[in-house]
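To keep things simple, chains are lettered A, B, C and D as they appear, and every chain counts its residues starting from 1.
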Amino acid sequence: MLDKIGIAKRIAQEVQDGFYVNLGIGIPTLVANYVRNDIEVEFQSENGVLGMGPFPFEGAEDADIINAGKQTITTLPGASFFDSATSFSMIRGKHVDLTILGAMEVAENGDIANWKIPGKMVKGMGGAMDLVASAENIIVAMMHANKRGESKILKTCSLPLTGVGCVTKVVTNLAVLEVRDNAFHLLERAPGVSIEEIQNATEGTLIIAGEIPEMKM
Amino acid sequence: MLDKIGIAKRIAQEVQDGFYVNLGIGIPTLVANYVRNDIEVEFQSENGVLGMGPFPFEGAEDADIINAGKQTITTLPGASFFDSATSFSMIRGKHVDLTILGAMEVAENGDIANWKIPGKMVKGMGGAMDLVASAENIIVAMMHANKRGESKILKTCSLPLTGVGCVTKVVTNLAVLEVRDNAFHLLERAPGVSIEEIQNATEGTLIIAGEIPEMKM
Amino acid sequence: MINKKVKNVQEALQGVESNMTFMLGGFGLCGIPENAISELVKRNVRDVTCISNNAGVDGFGLGLLLENKQIKKMISSYVGENDEFERQMLSGELEVELTPQGTLAEKCRAAQAGFPAFYTPAGYGTEVADGKETRDFDGKMHVLEAAFKADFAFVKAWKGDAAGNLVFKGTARNFNQNMCGAATITVAEVEELVEIGTLDPNNIHIPGIFVQRIFQGKDYEKRIEQRTVRYPNESI
Amino acid sequence: MINKKVKNVQEALQGVESNMTFMLGGFGLCGIPENAISELVKRNVRDVTCISNNAGVDGFGLGLLLENKQIKKMISSYVGENDEFERQMLSGELEVELTPQGTLAEKCRAAQAGFPAFYTPAGYGTEVADGKETRDFDGKMHVLEAAFKADFAFVKAWKGDAAGNLVFKGTARNFNQNMCGAATITVAEVEELVEIGTLDPNNIHIPGIFVQRIFQGKDYEKRIEQRTVRYPNESI
């Protein structure tokens, strides 16, 4: 079974040479730390920066240079700053190659819910609705089940949707799943996790075809 | 009767302090030369410059700094360059206060035709259709009649339209006309021109109310 | 050069009234118009609608207007970094309209550029699209969203000149650029008001035509919401 | 940093074929992609559709492709600065689609930004609106215009770096900025390809994400269409 860092490490393997990548808040932010060093990737943040680097050293923080999580950041050579409309031109115009974000629920048809729990304080969708509506390559980083042990990999989402039919892959603490043809296709098991455990934790339709390898971490 | 420079001089009187002005090709371009020195005006050119200055001195021409008529120009302190979409944001968004352009025909309902003569070579509308569709203050600079003596101040345009119901004022070699309520309202006569001459040269409905002063040049 | 310079924030906010709609630039606390917000608190205009990506934090940014109960409605993409906001929202005192961030940005840009409405795929199939017109383009569904209408836009830039030209720094640009010219009156406050002619005409982010009033701001706090650092020998 | 740099114009134009649709930046002869145009002539691709505000002059710019009869269709706002264009248009050899200039710019921007279509007041009530959907917004009629679809965009910038970041100079910016990212492949030629990290991140007009290939251009003529000057003691 993976922890959050394990999920981030596994997702980092999905990042290919030449990709522009948008990372959501939470586990996705960690992915940047585990991308291979021998490939070139640029990180976009929807508040208006392309070419994000690591956090600044203490004393070098600049209030004018933050990421979408409002964290102080640095930029790498070749970076650029731009306005919000241009930032979403990159996203809506499909110039960003990969979107990685968290979710509360994912359904077998690719629906995603990650912005609202009725009756609770709603923080808003931020840029998530724009991202999932336009991106063609969306990987969700999430726990397979909630704290009460209920599956978050569902037949249909119960929470208000963020986007419809858009998720292409899910990486959880238990498995890597591809979402297509109205089903979750099991691609890999987390280290030490059995197919039965994954099956039990999955409410949505799970397709298990052939040998299912364990993740190579 | 006015010549082209006279028309430009008269239109220059319409330019008010604090106006952003877009000038079309031909007579309108001349207007810039006759605006009072004690007011502040900025000229916008739709190819992407705000704060245009005079033509450059010989030897100082820059192929990268032109106006919409493709003439080499200079810029004044406070000028800015921008892309075509932003330029038309200024125009469509009603940030430009006054548009001055030429016309082949104007109709009493404010329609204007200035881009196409069927059967002849068509050069295109350039930015004229965007300008007339959005500007709220459009002054047309033109000759009252064509070379064959036929009125260009009409009941309805015979040529393909550039815009509908948009012209607010017309300054010709003979008169200043306000366009409203489906009629041309005679405001001023050109020096030495009689009301009868204007009436004879006007095919559209002409309203003559009260004393019609001669232009003060 | 058309002079947009005004003496101070008091002169810049002449005409603001209760029940108006304001746009405020910034992302989180980054690039917010601190001086204009302070003056809005002082003037105590009530029942205003604020269009702003976020709603500040307790005791800073739009949090100040919230504490003072001046805001009737917030239009934002992400809120709830402050407790007072949450309290007012849950009690029903505060009306909240949540809008996808890219849609929020484009509703500003549409107002600036004179487009009445636009089609975006964002929010299709979600409650954001409830009651809105939808349409298929090339097999993909889109939602029709309308341009914003606002009385004042309050933006903050790094540098500016008397002609109203603006230059932003880093990610403090964000919505500030898109809100210029998107309201009836755009008020820009700048960290540094420079002499006319010193800004490079090639590198002006907002030409002065989109700005009605500009003033030299003061006492900027520029708070950091999430101060994150790495350690000297941390590998990345 | 994702490297977009290619060796030369030959490598930059890999994949161009007959019957494709190209976007070409520039206003008149100002800011046109001279190197790409020369290479298109050399490659002799036929029956192409060109989206460009203007169509060059006899013997230069798009006039070169016209002389060689490579263009099937021109989409422009203002044409006819050259005799060969006029001859081909009047004889029916060349198809011409005239589009209002602001609409042309926005059709590029819509393609860049992922908007399928937009409503503009330009052209309403004229033959430009023939056959197009129209709609009333707040009592004003608008025309629905679709985003462009193109295979290649050829743009020319003043400076650029290997990441594809671009900076334009003066009014040579024009449509170049709006065409970046508006086609499947955007090819940028630059007067000066600078070291990565030397362009100020605050003043990049086009972030590299909108550009697929960039190369150091050469032999720029930068012709002036209307050389206008004033005399030393002329008063303005």
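Here is the rule we go by: a residue touches a chain if its C-beta (ideal position, glycine included) is under 8 Å from a C-beta of that chain, and two chains touch if they have at least 3 such contacts.
All values derive from a computational prediction rather than experimental measurement.
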Chains in contact with chain A and also with chain C, listed by label, are D
Quick one: report the Å distance separating chain A from chain D, using the average Cα coordinate of each chain.
36
Between chain A and chain B, what distance separates the C-alpha centroids? Give it in angstrom.
55
Nearest whole angstrom, what separates the Cα centre of chain C from the Cα centre of chain D?
33
Residue numbers of chain D (touch at least two other chains):
109, 114-115, 120-121, 168-170, 173, 201-202
Multi-chain contact residues (two or more partners), chain B
81-82, 85, 88, 91-92, 134
Which chains touch which?
A-C, A-D, B-C, B-D, C-D
Which positions of chain B touch chain D when the two form their complex?
33, 45-49, 53-58, 60-73, 81-85, 87-88, 91-92, 111, 121-130, 133-134, 160-164
Once bound in the complex, which stretches of chain A touch chain D?
18-20, 40-42, 44, 50-51, 75-82, 85-86, 88-96, 134
Within their complex, state which residues of chain C touch chain B.
1-3, 109, 111-115, 161-163, 165, 181, 196-197, 201-202, 204, 207-210
For chain C, which residues are in contact with chain D within the complex?
114-121, 137-138, 140, 142, 167-170, 200-203
Can you name the residues of chain D that touch chain B in the complex?
27-31, 53, 76-80, 86, 89-90, 96, 98, 100-106, 108-109, 120-128, 158, 168-178, 205, 222-230, 232, 234, 236
